[in-house]
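Some structures are shown below for you to check.
Both of the next two complexes hold chain A, though its partner changes from chain B to chain C.
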Partner chain A sequence: MGSLFTPLSWSDTGFILTGVWNTILISGLSIFVGSVLGVIVGFARAESNKYVNFLFGSVLDVLRSVPLIIQLVLFSTFMGVMGSPLPPFVAGTIILSLYTMAFMAEVFRGGFESVNNSMIIAGRSLGMTYWQTIRHVRFPIGLRSVFPAWLGVALSVIKDSALVSVIGYVELLRTSDQLISRTQQPLEILIGVGLFYFLISYPLSVYGRRIERKHAL
Partner chain B sequence: MIKIENVRKSFGELEVLKGINLDVEQGEVLSIIGGSGSGKSTLLYCINAIENIQGGKIFVDGIDVHNKATNKDQLRQKLGMVFQQWNSFPHLTVLENVALAPQIVKKMSKEEAIEIAQKELKHVGLGDKFDMYPTKMSGGQQQRLAIARALAMRPDYMLFDEVTSALDPELVGEVLDTLRILREEGMTMICVTHEIAFAREVSDQVAFFHKGVIEEMGPPEQVISNPQKETTQAFLSKVLS
Partner chain C sequence: MDYEFHWNIVFQKMPELLQGAFVTLHVSVLSMVLGIAIAVFLAIAKMNNTKPFNYVAVGWIEIARNTPALFQIYMAYFGLGAFGIHLSPYMAVLSALVFINAGYLAETFRGGFQSIPDAQYNASKSLGMTSFQTYRYIILPQMFRRIYHPMTNQFVWSILMSSLGILVGMSELSGETQRLQSLSFRTLEFFIVTAVLYYIITKFVLICASLLSKRLFKGEI
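Now for the complex of A and B:
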């Protein structure tokens, strides 16, 4: 009787690379969309009154405090029940982007609020319009100051993207899971996967620390 | 000409300016002195419409500043302002700080704006600091940068709000020297200041503010050297002692 299991081999490379690519794709996309939305919401929060803020703040609090895995399952099940099931990639990207946005909004809000109002008044006194002071003063100064915090959120999103596997998206973790059931070589595979996450994250965080040091001068 | 007619300004219940009347002719220097909270800064902010007013009128070259139809962004190009706390843009070099507004507000080409910026920086004695970042400069240098930044817009009037009072004493002189140069060149200026000797030296008129009204106004020989009102005398003897 032949073995039920077949060892890991070079022919699995393609399958693993698909997982790698899918992880990069969904995290990259979610970080991008989440950052763009985060800038907009963070700016709105920094500029608006406390009532608008209360509304925004509550929604963001929910997104930040309900575990991502629950949001993914709930959303994907809900869409299915409503009769318009979404492919795992789409559902995953939507939820991961919103989740990212909830953290990014607070990061950017802090950055925008840290820009001293006297600089905005100085801009206005030079004849700049409100939007010119936003574009040339508040944004560049605020965005620069939050880069390290932005990177921190982005790195955690790369790791959190593994959770999208629960709704059936074949990213790196799910790929490795399937390989583990087939090969029964969990050690090699999990070490490999862990190494992959490390290889993406580590250079980014080193880079972030370098930028931070440069700006701290 | 700046014409201020019976201007009233309140912050909520607190009335800060209680009917101010002032004229500043072309080429004149007006110094405003007075105690803390008397409304000096507030008046400057009202002149360039950073703050609104509740009564009266302000005219700059005949333009009704607080009229709804007035384009305030355009009006502010006539009025350069320098503040007590320096507020250079930290993400830009010294040269870029000065060249920014001419480019985005006056839509000048980059070359033109840089040429003007270089000229104004030399004007205030910062000709060797173009590529520096302002955060590495002293307070006195940052204030001169703020003056150059305002001058690059080619304003007709300059408003100075206690530009030396946040500086270390040894840095005050270089900034006052810059103001003296502007005065020599005939710039029309309103200077809120605590430097009484400087006000006596450069001003055509001095206005003494007290609790939101002008208590006494006239040439420095009168208001500073020979004040008529008791409040003025009390203020001067306190700041000069």
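Now for the complex of A and C:
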């Protein structure tokens, strides 16, 4: 009988690549959905009165003050109990998107509020409609200025996507976990995984810092 | 919806949950204290151009900032085993959090330090202040004011991220919840209560921090 623990071999590459792909897929999708929702909510927060704002703010606050891991477990158990269990990918994407939205909304809100009101007034006095000032003044200027902050949130979402493994989604860290229990070579595998995240995250964070410095000048 | 909530069991186990919450606070406070201590050295080492220290600091900071917290915890719990170091779940989570906090805070400290213009050093020198006096009365108070909020955020982040202890069997709030729900099968109830507890803890910390900042800075932020 062969050994229970077989060393890492090339045939594991496919499995690892599935994990890599799933990590990219779920974080990309969540960043996209979260950003779109974040723009909408952020815009609503920048434009609405303080009562509406308080309501929005407290919902976003809950999403930011409860650990992601608890949100994931809670949501997927809840859906199961309700009689419509969701596949891990769907449940993970929903929660990760909402979580992203909670942070993105604040980022975009800050951007929209940073647009000087006199610019909007100038637009209106040139005969633009309300929506035209939004479309041609507030959005382009507000969105451009928050790019570094947006990138920062996006990078943290890529890293946080590792947590989706708790509800059974097979992303990179989970594939490595399974390989570790088979091969008993934790160090090699983990270093590989860490390197993957680092290679994605590091260049982007350097890029973000450079943009930020350019803005500051 | 034909699910019956049973809250009794959760309330019976409340002391154990609170015990877990205490461990959560404990590990995050400790990770902040140690993280701040290391971050000071990292920030100094990064601003200094002494070669080996500089490389260590930059490497530490970039690795801590660019890899997932879960990876750090796995590394501490499984990875270090390759070197014959076997950490308990508590120590694994604590060391991972310290590692990350130190990395993030070092950047915060460096930013806070560099945000104070050079002219102030020169001004205090010309007023006849010693180097120690300059730091004690001019530089550090202003720097502290600027890094106070990032530090609070980092503390809240540590509380939230200590929940990853659930994955290595640590008995903090999440781990304890996991254990209790597996004994009773009231998963939903237990996790709802835990979510509420986390919310209360983070709100409590934020409120304390803002009261403290009012007292410390007397409104001049």
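Everything below uses one rule, namely that the second predicted complex is superposed on the first by the 211 of 217 C-alpha atoms of A that agree within 3 Å, B and C clash if a C-alpha of one lies under 4 Å from a C-alpha of the other, contacts with A are read in each partner's own complex, and residues count from 1 in each chain.
Please note the rule applied: contacts are C-beta pairs under 8 Å (C-beta built on N, C-alpha and C of every residue); 3 or more make two chains touch, one makes a residue touch a chain.
All figures in this text were calculated on a predicted structure; none of them were measured in a lab.
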item	value
Fit or clash between chain C and chain B when superposed on chain A	fit
Comparing the two partners chain B and chain C, which touches a greater set of residues in chain A	C
Contacts of A:197 with chain B and chain C, given as first, second, both or neither	second
First, second, both or neither for A:160, with chain B first and chain C second	second
Touching partner for A:82 - first (chain B), second (chain C), both, neither	second
Superposed arrangement, angle subtended at the Cα centre of chain A by chain B and chain C, nearest 10 degrees	100
Touched partner set for A:67, first chain B, second chain C, both or neither	second
Minimum distance between Cα atoms of chain B and chain C in the superposition (Å)	24
Overlap of chain C and chain B interfaces on chain A (superposed complexes)	none
Footprint of chain B on chain A - complex, ascending	116, 118-119, 121-129, 132, 136-137, 140-141, 144
In the complex with chain A, residue positions of chain B that touch it	48, 50, 73-74, 76-77, 79-81, 83, 85, 87, 89-91, 100-101, 104-106, 146, 149-150, 153
Contact footprint of chain A on chain C as seen in their complex	1-3, 62-63, 65-71, 74-75, 78-79, 81-83, 156, 160-161, 163-164, 166-167, 174, 187-188, 191-192, 194-195, 198-199, 202-203
Contact set on chain A toward chain C in their complex	62, 65-71, 73-74, 77-78, 81-83, 155, 159-160, 162-163, 165-166, 173, 176-177, 180, 185-187, 190-191, 193-194, 197-198, 201-202, 205
